[in-house]
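Sharing a structure here in structure tokens format.
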């Protein structure tokens, strides 16, 4: 269950304060010259301390590539990579060893496994999302060749600077748009494009909501408002747009006039932009004192000091994009078998 | 991609107006005496024409059990079952053969497969969710033995009767609660309880949003508001509750005082109720005239007559419950391997 | 675990004397006009009573197609089919209800599941291989379009007629040849063409051995004898052969001069014929009296009467071919993703 | 397709002369104190240069543990490990860059991927089996707690020393025995214990045959010779044996008097020893000159110098055991879900 994808697959491993975190990408097409600069840039987007809302941990995030490459070109074999945990101050967490931090995974991991790595969140740490950025960057490079582009941004966020002063944190919403998807991606029933996206997004820490197109707002609409009518787009407008990525041919340029559906109907892409939103709860590590219990069940007070973000949203943007890229690429590859 | 689950698996098949729809449940424990009455009752909850907001199609929904049973007791082998499509008036759909109904799957299926079953929605029809109810009923029966119970209800719905008069439809929201889950269910990273639920719910037609716990509202909260503090519950209160299902032992009764997290932290259940909501868009089949195009790309007007619900929500309740039961059972079975 | 394949998948269900046996083919490309005559012919090849070495059960083996087809053309959705068990004389088996037949699956199923369908072998019956023939016939039809052909035959068999007189049975060996495979099929490491074939063949009842190319004989050879040297075939010879299916282009016609490897090197096809052999043990149902024990552990004597083959080999040929076709098609589909 | 297993899973990565080879074990139960000494001993059994029949490469094979452990105890999260390729003399292989070595994977990998790592066999090198030994050692440790033990040995081998003098190589057969398996392991139909074993064994380089129990010899037997009669073992004999691992209880001690079936009937273990044999072809790297072609299709002569074993069999023993352990553990874990 540490693997995502059907044909383009990422397996991740690592705890926050273990020796390293890393991933194995299995199923990447061969003969791709990896764009290492792009991967580094994507990692920088995720890096802590990038802004005033993020924490102070200085991680070099230096990737060691272990396999699957010859002179930077993919061999078709598994691409393994790791990043060492060099700045891991386990001692900071010693005091938390026997205490269950509210809304963290301490208690649930211990209930599940009978043991937990108490150093910095262990496997549940946001640091373990790093391999997702790497795999996502590879997926983006492949999608780019097909004219499929993915971009996300923060559309809703609390007052981070005020929260910081109060020792508190804020949540927010990331909106993502996939442009250039051909019609016909996604598997009906249990592999819908929307279902695969939702599944991937809920793999990120702190995600509590997902909606596609107009999402929850659709629940309050009438069918006549929510439906996206099909139109045969004027050739000149079509040519001005991303016509390659659309499903139309020279003679047929069908698309939807509106996009309440977020580009997905019956679980399958219709050629319009795929648009979705992901809701993140506030980071649970706050320096404000909180009530909780320790392993013995005794009540105690906790004030979480140390390096923590006020808001995960700035980092989350690249993670949302990365997972969207992996899901899209995976479903593009699934769709290829149809043209037998 | 027509299969859901890892250990308790359902494969479904069938089109709305084909010979039959059905499913294969693989991985059901042996020696379970199936409660056929309960399964029938669950199917009745899904049945059309059950209320004033639903359509008029009279389906007997008579299950034929094909395998996996000896005198009504499970053998541990695949349980296959079908329901014949007896009331299938394909002719009703003849006029729609070459027209893409707005916000239906007609266009996307045709783009994906180069062919589609135009009779009644084919594989994309809501009728094909019937096997989910059957598998869900079996899962519920097994969960019931463990003290885990699932119930859903409609929490938001448009003005159905007014919409009907206007030839329109409405959407809504279903809220579901899983009571009695032990702490420790769900796999971290890519198999989180929340991710598995989200994936399953998006398998239902018309689902456009999913949130767990306080969901999207959490995006606007502070960490200090959103966090669920742990408490050691008083023994008397504990005993009055569902103590068997909680994670505590005689001496340790840890739970959360609030439940903003919806029973899931770090992707794993904490013993509190799992609470989630699913947003359904309005049914796209409306009798109001709509603009669209036909296969040749020519603009045309469509008014969808025939038997259609004004609102899918009354039917959706049992579907949401069924999928929640399947996911929960699957993750209970996954968790068993840990106690090696 | 009742599913075979990664992209072209067959899920089977059914017990020998239950209501029906059947299968669901998921992943079949759309727009294929199924050759029903061919499927019927393949089923006839498997049918009992086809020769003097086979048993007398008269099964009509009439397929009911339940889904995935429109006017006989595949929709890309799951193709479900069943065959009813019309000639099921359960009473014949009543006497065997509490007795473990030697080398049958009675004891092991009961140990596994705590229950077993004692009527005619239940899920372990050879009758349950019927869906494999159907799925294999579909796979053959698709492979045929690519110039890939599969044929098997019996290469070793005991003296069946003498064994029949003595109330005994015989085993044998089936050899199979896949002609026209392009080079490059099969996944390295855990998805080798040979490994996938071996796995599939051991899914058949009574299979106890599998070898590819010169197989066990290679264990006694020197490297210099066992190696297949590469040659650049003369253009005229090449043209006379199945040049389309070979890996060469107009200018490059590399193949192996010998075929000790059975067409597979490093787990991947080299363009030469894939050749393998499958060893079947004798059918364990013999009318000669045997010692065994009943469920209470008491010693008893058993003489298995009723309709049973003297030798499974004549039936096994089409099963070996069917599984070989399914594996080959599945790996052809897996290979498509590489040409991203 | 670089992953083996359903619940206890190993993903491997790495090329012979890349930065490192390694693996990720996902699904290992938590709270196991790893026996690192045992793992080292198992790696030594595989190590090259261990005997006169093996090659001269001096690899330290030092494992770096990257994740999944806290103070040497498993956390339940993925256990990743790598071994650096320190003694990788790529230059030795420069001459082979454009030549297809007979019966190696050079040609097939290049046909599949359009690129290959020509340095030392790349992904097809026997060196990439190292992670299997590590995962197998972990599986053995877990099985040992259940009284299940696995041991293999070479039962047939050519005259290695004579072959070495002649610049040639030899093949051989490894026989393996799994003692202490409870009855009831293995899934019927497509997950038979025998099928899973066969699949795993064919994942090893150079494997060309697999048989279980009497294997190919069964093809020439009569049913009356091949059948294993059940007996109720005398209590004293039973007590002297591995009674815990057998399927009997105090009152019921059913086992088979003979073991032609190799411990598996209907694909499921019967409690007797599981016995199987694996045929290995001779190593294809011989120093004797051979005819072959280069990438341009031109005929050339090749004499493979460098460090190569005369026979892979001594190394293969621990690999066969390791895979047998992984398969057995995986099926033990699969069987747990039945006792819901």
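We call the chains A, B, C and D, going by the order they appear; numbering starts again at 1 in every chain.
The criterion applied here is as follows: a contact is a pair of C-beta atoms (placed from the backbone, for glycine too) under 8 Å apart; a residue touches a chain by one contact, two chains touch by 3 or more.
Small disclaimer: the values here were computed from a predicted structure and weren't measured.
Traced through touching neighbours, the fewest hops from chain B to chain D number 1.
Comparing chain pairs A-C and A-B, the larger number of C-beta contacts belongs to A-B.
For the touching copies chain A and chain D, the fraction of interface residue numbers used by both exceeds half; the interface is of the same-residue type. Chain centres computed from CA atoms place B at the largest separation from chain D. The centroid of the Cα atoms in chain A and the matching centroid in chain B are 25 Å apart. Per-chain CA centroids place chain A at a distance of 37 Å from chain D. With centres taken as mean Cα positions, chain C sits 43 Å from chain A. For chain A, the set of residues touching two or more other chains reads 1-3, 12, 27, 30, 76-77, 112-114, 123, 188, 338. Per the touch definition, chain A reaches chain C in the complex via residues 7, 27, 29-30, 32, 76-77, 142, 145, 188, 333, 336-340. Every residue of chain A that touches chain B in the complex is listed here, in rising order: 1-4, 6, 12, 100, 102-105, 107-109, 111-114, 123-124, 128, 156, 158, 163, 166, 168-173, 182-192, 194-196, 198-203, 205, 207-216, 218-232, 247, 251-254, 256, 260-262, 264-271, 279-286, 288, 290-293, 296-299, 334-335, 338.
Against chain D, in their complex, chain A makes its touches with residues 1-3, 11-15, 18-22, 24, 26-27, 30-31, 64-70, 73, 75-80, 82, 112-117, 122-123.
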